[in-house]
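Below is one structure, written out as structure tokens; the observations come after it.
Note that the chains are named A, B, C, D, E and F in the order they appear, and that numbering of residues resets to 1 at the start of each chain.
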Amino acid sequence: MTASWLPSLITATPEEGFDLAIKLSRMAVKKTQPDDEVRARLRPVYAEDPTALVAISHVVAANFQTVAAANGYWRPATA
Amino acid sequence: MTASWLPSLITATPEEGFDLAIKLSRMAVKKTQPDDEVRARLRPVYAEDPTALVAISHVVAANFQTVAAANGYWRPATA
Amino acid sequence: MTASWLPSLITATPEEGFDLAIKLSRMAVKKTQPDDEVRARLRPVYAEDPTALVAISHVVAANFQTVAAANGYWRPATA
Amino acid sequence: MTASWLPSLITATPEEGFDLAIKLSRMAVKKTQPDDEVRARLRPVYAEDPTALVAISHVVAANFQTVAAANGYWRPATA
Amino acid sequence: MTASWLPSLITATPEEGFDLAIKLSRMAVKKTQPDDEVRARLRPVYAEDPTALVAISHVVAANFQTVAAANGYWRPATA
Amino acid sequence: MTASWLPSLITATPEEGFDLAIKLSRMAVKKTQPDDEVRARLRPVYAEDPTALVAISHVVAANFQTVAAANGYWRPATA
């Protein structure tokens, strides 16, 4: 039994939550294109294309909405 | 009577929820283009096109928002 | 008095909710382009264009968010 | 004092809510391009372009999320 | 001390809320391209491009979701 | 131990929240393309491209949804 790549949406901090949003965004790409070599070949295309970078940022924003909601927005506990 | 392809939005784990989000994303394509052969022909186009891969990841993110909300974000029960 | 094409957002099952999301997505197109012949002419363009198919799946995802929320995510009643 | 074009987000039925979502989508275009003649010239471009029609449907879906939430999803009153 | 351009998300009416959503959409552009002359030069490009007009309407829809939620959808007070 | 770039989603004002939404949008780009020089080279491309500016505004809108929700929309406290 292998460990899950997504055991939980809960993170200790907003920054870790943002990193999880990036991971979710990449995992959807990986599940569509599982070939590591192909993804490695495509990566520089994304990374130098302004349109692609903005599109990626949009996907991360959508996933961060989910992760942030899951974590109650990491709001400090109040009395 | 055939079984539903979508009996429930509830999943045991976040990872299964993510897989369901991918299934929802693909099913919308299938309902628009029901011809298996055409979809099989188009699949390599998606899988090698950086723009398409990011767009697919965005659709999965939108569906994962729904599935995650349905599952109360798989938050551990608290006292 | 004709029957409404959208009498309710409530559906018996998630699968019917997904079909309603597809109907909402198509109806917005129909309201913008009411000419049945033009839409019939455009349909094969969508159905063979990977980019369009992903874009359609995104619209369905957005509408499914609405329908799923309306239905309380079809969560089983709990004690 | 002229009447507001948007006095309320509340509608009697889901179908009227969908029409309001379409109105919101068009009004944002009108506020960006207030010239009626220019919009009239652009309209056939949208209406025959599959990509534009899907994009319009996406905007309507986003606005319908808002209108549907405002109306409590037109859920029937329950005991 | 200059006044904030965004002192509050609360507006008296839905129509004012929609105008605020447009303002938010434009302000994000202004913060990315602060040069007034450049934006003035680009404005006619947006305003005559059907694709850009639909894209702008989508951004307004996203911001209107936020403003409408902030205002409790301007629902009339109920007993 | 370095300070987090995202210690919290809570801001004192809506305007600061909007700035945080812009920061989140840029940080996702930076995490995909960490090379400062490449990003500096791409920046003028975004800043003069109407389509890119609208796309960026859309990402900011998505992140502002998250930040605004985290802050309870900065609603004034009511009795």
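Following the convention adopted for this analysis, a contact is a pair of C-beta atoms (placed from the backbone, for glycine too) under 8 Å apart; a residue touches a chain by one contact, two chains touch by 3 or more.
Which protein is which chain? UniProt says A, B, C, D, E, F = Hexameric tyrosine-coordinated heme protein (HTHP).
All values derive from a computational prediction rather than experimental measurement.
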Contact-graph distance - origin chain A, target chain D: 3
Angle, in degrees to the nearest 5, of the Cα rotation that carries chain D onto chain E: 60
Far-end chain from chain B, centres as C-alpha averages: E
Whole-Å gap separating chain A and chain F, where each centre is the average of the chain's CA atoms: 16
Interchain centroid distance [CA atoms averaged], chain B/chain E, Å: 31
Centre-of-Cα separation between chain F and chain B, whole angstrom: 27
Per-residue overlap in chain A, given as positions that touch at least 2 other chains: 46, 51, 55-56, 58, 62, 65, 69
Pairwise touch network: line, ring, star, complete, or other: ring
Footprint of chain F on chain A - complex, ascending: 13-15, 18-19, 22, 46-48, 50-51, 53-58, 60-62, 64-65, 68-69, 73-76
Complex contacts: residues of chain C adjacent to chain D: 4-10, 24-29, 31-33, 38, 42, 45-46, 49, 51-52, 55-56, 58-59, 62-63, 65-66, 69-70
